[in-house]
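After this come two complexes, each holding chain A, first together with chain B and then together with chain C.
Now for the complex of A and B:
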């Protein structure tokens, strides 16, 4: 899911930085307005939490492993705006210190994983779990569906970004300069693997974590750590 | 949890950043700006020789910064450029890149033709990814991580982001240690061979437990911040110093940038 440097052309990279700038500004304003003083470390803790979730190898049938992105889980726990900042910070650290993802493509990665995924997932979760008690099974199902759809939407956008590269950036002779495959190859390649495999890993992790929190610490699902009153 | 051990070893190993090579002696602010220029140059480069030149320059900078070349190549080629190499293979053939044929094979009645356009697209793609990743990794391993995060202030990134980044970096280290301890405890009690369903439950339980502990940590950290004089705004010490050598380096990289731009 992390797009590395070199896959997207300069126009696409610049476009996504331009798209993300107002989102980051708005997110930091909302979080600053709603964040209580004693919750200041929560953003950093949320960012570290979303970073570490991506490091867990989840066993899957056949002896292999996959990993979850966790952006929907963080959005359910912190609210979508705070999740946007937390996942952005995690992606910046991954790109700067770990060499995972890239610097020029940071805007695009943040658009897919810190905006599309947490926001889509959060509102799907809210919609399905509407009025359900904190410990109800509907919330577990809602979180699983939100994780699955959130990740697949992010994968779809990533596929479209890859697939547009040969159309946007090529030489006079038609040679691709960045990601070499068009929409007809890039979109199915990204979407099918996430629909069939990684989406289920995301759904499983999100639903199981919510289930464990319902059982052992239901108060964590009732009280939001970063106020969510400003959601809309 | 191999990924966690790898993360701990690679992210927190700063032996090269503490070394006495050329890049380590530069002001981190100037180094970050010049490396950003290099990465942008790689992004805009349209010719294969320009990409090879930039990649060669990166290897030369690694050498004069006393980085072990074997370590550097392993760190930069595994995993991203190797993956790029793998996904670029189909682009070599006429199915994806129609054009002038270079070599043709007949496999079970199907003609596979490598085209000049396909080969150029694949080499451009792989070299661009390899050069970008190499510059990013070289910056990372020759700069102390806390300094690298502080440098973000020169790009006018709001203090709340810089403070969050710095704190997040420390928490990652703490969380990695916590998870490692938990896994060691599980391993010592149930062994390593567990059914995949039990494995999934262990992962989910670990994440939920980590979140629960994180919230408790938040309260403790806030109290620690208050006891150190936190009043709502973070203050950061600025210990960066620019020398003549830094200005010369900045000027040279900017000149090189313009020369390559003019030549290509």
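Now for the complex of A and C:
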């Protein structure tokens, strides 16, 4: 889901930087108000987890590959704003050091994976786990569903961004200037592979970690994560 | 053991296991992720290389492109796996440093 340089036109690239700028600013403000000094290691662990889980490429035999992002898990544990910052850090390092995702498209990649995904996942989790005891099974299921849907929404947005390019930018002869496939190809391609396989990987990873934490550190799952008094 | 220590160990285990993300796609003959093709792949798929894409795609030369050392691309899977682990470890160290610095700036002191 890491869009490389050259796949989105300058307008789209600029648009998503402009969209992300206030989100990053607001995220810093919110986190500044709520993050306690002793929670900083969790922010780093969240960013590191997201970074490394994205390296686990899962194959569709004979087809393409994809991976989990971990953004929903981080959002459940630290809140969506802190998750936005953690995943942004992972995506920036991936782009700069490893060329995984482009520089010009960083705004778009962060919009999909560091904004849409953690926020959608977080609120889906909140809805399904509403009033459920910290150690209940419903929380595990809620986290899995949130991971699944969060990743798929991110994939849907990525597909739309790809698919708009041939409409926005083409030569007089009809050749695409950037990503060559239109919405009718890009959206189904991105969404179907995530619905069928990669979304399940995200669901499994998210739910397993939540299940582990229920056993070993249930205070992490209490409401108002960034404000609670749990000692890590 | 503190929870954070356990989670750091978990991250360490993921770093060691990371070559699975390289070997499994290889084993199942899976190619690039959708929309992350190289220019030559696009040429094959649509018959031309989009002009803007050709111009922008080489914009940034990453020091460890695709989690491999430069010049190692054609080496065997054991070497690539080794490079993948080193890349994961390097990336994690940088991610942690950046996150800690940001966290230090953003967190409330003293609690």
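The working rule: the second predicted complex is superposed on the first by the 201 of 232 C-alpha atoms of A that agree within 3 Å, B and C clash if a C-alpha of one lies under 4 Å from a C-alpha of the other, contacts with A are read in each partner's own complex, and residues count from 1 in each chain.
The rule is short, and it goes like this: a residue touches a chain if its C-beta (ideal position, glycine included) is under 8 Å from a C-beta of that chain, and two chains touch if they have at least 3 such contacts.
Since the model is a prediction, treat every value here as computed from it, not as a measurement.
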Practice prompt. Could you tell me if A:103 is touching chain B, chain C, both of them or neither one (first, second, both, neither)?
Written response: both
Discussion item. If we overlay the two complexes on their shared chain A, which of chain B and chain C does A:45 touch? Say first, second, both or neither.
Written reply: both
Worksheet item: Now for A:143: first (chain B), second (chain C), both, or neither, which partner does it touch?
Response: neither
Item to complete: Could you say whether A:178 touches chain B, chain C, both of them, or neither, answering first, second, both or neither?
Response: both
Discussion item. Once chain A of both complexes is superposed, is A:7 in touch with chain B (first), chain C (second), both, or neither?
Written reply: both
Discussion item. So in the superposed three-chain picture, is A:216 touching just chain B, just chain C, both, or none of them (first/second/both/neither)?
Written reply: both
Practice prompt. Report for A:193: first if it touches chain B alone, second if chain C alone, otherwise both or neither.
Written response: second
Discussion item. For A:152 in the superposed arrangement: first (chain B), second (chain C), both or neither?
Written reply: neither
Fill in: Contact residues common to both interfaces of chain A (with chain B and with chain C)
4-7, 9, 28, 32, 37-49, 51-53, 55-61, 63, 67, 85, 89-90, 92-93, 95-100, 102-104, 171, 175-181, 216-217, 220
Worksheet item: Along chain A, where are the residues that touch chain C in the complex?
Response: 1-7, 9, 28, 31-32, 35-49, 51-53, 55-67, 85-86, 89-90, 92-100, 102-104, 158, 162, 169, 171, 175-181, 186, 189-190, 193, 216-217, 220, 232
Fill in: chain A to chain B touching residues, read off their complex
4-7, 9-10, 13, 28, 32, 37-49, 51-53, 55-61, 63, 67, 70, 73, 77, 85, 89-90, 92-93, 95-100, 102-104, 171, 173-181, 185, 204-205, 208-209, 211-213, 216-217, 220, 225
Response to the item:
As the complex stands, chain C meets chain A at residues 2-4, 6-8, 10-11, 14-15, 17-18, 20-22, 24-25, 27-36, 42, 45-46, 48, 50-67, 84, 87-88, 90-92, 94-96, 98-100, 102-104, 106-111
Worksheet entry | Residue ranges of chain B in contact with chain A within the complex | 1-4, 7, 10-11, 36, 39-40, 42-44, 46, 75-76, 80, 84, 88, 90-91, 96-99, 117, 120-122, 124-125, 128-133, 136-137, 140, 145, 148-149, 158, 160-161, 163-169, 171-172, 174-176, 179, 194, 196, 199-201, 203-212, 214-215, 217-219, 221-222, 225, 232
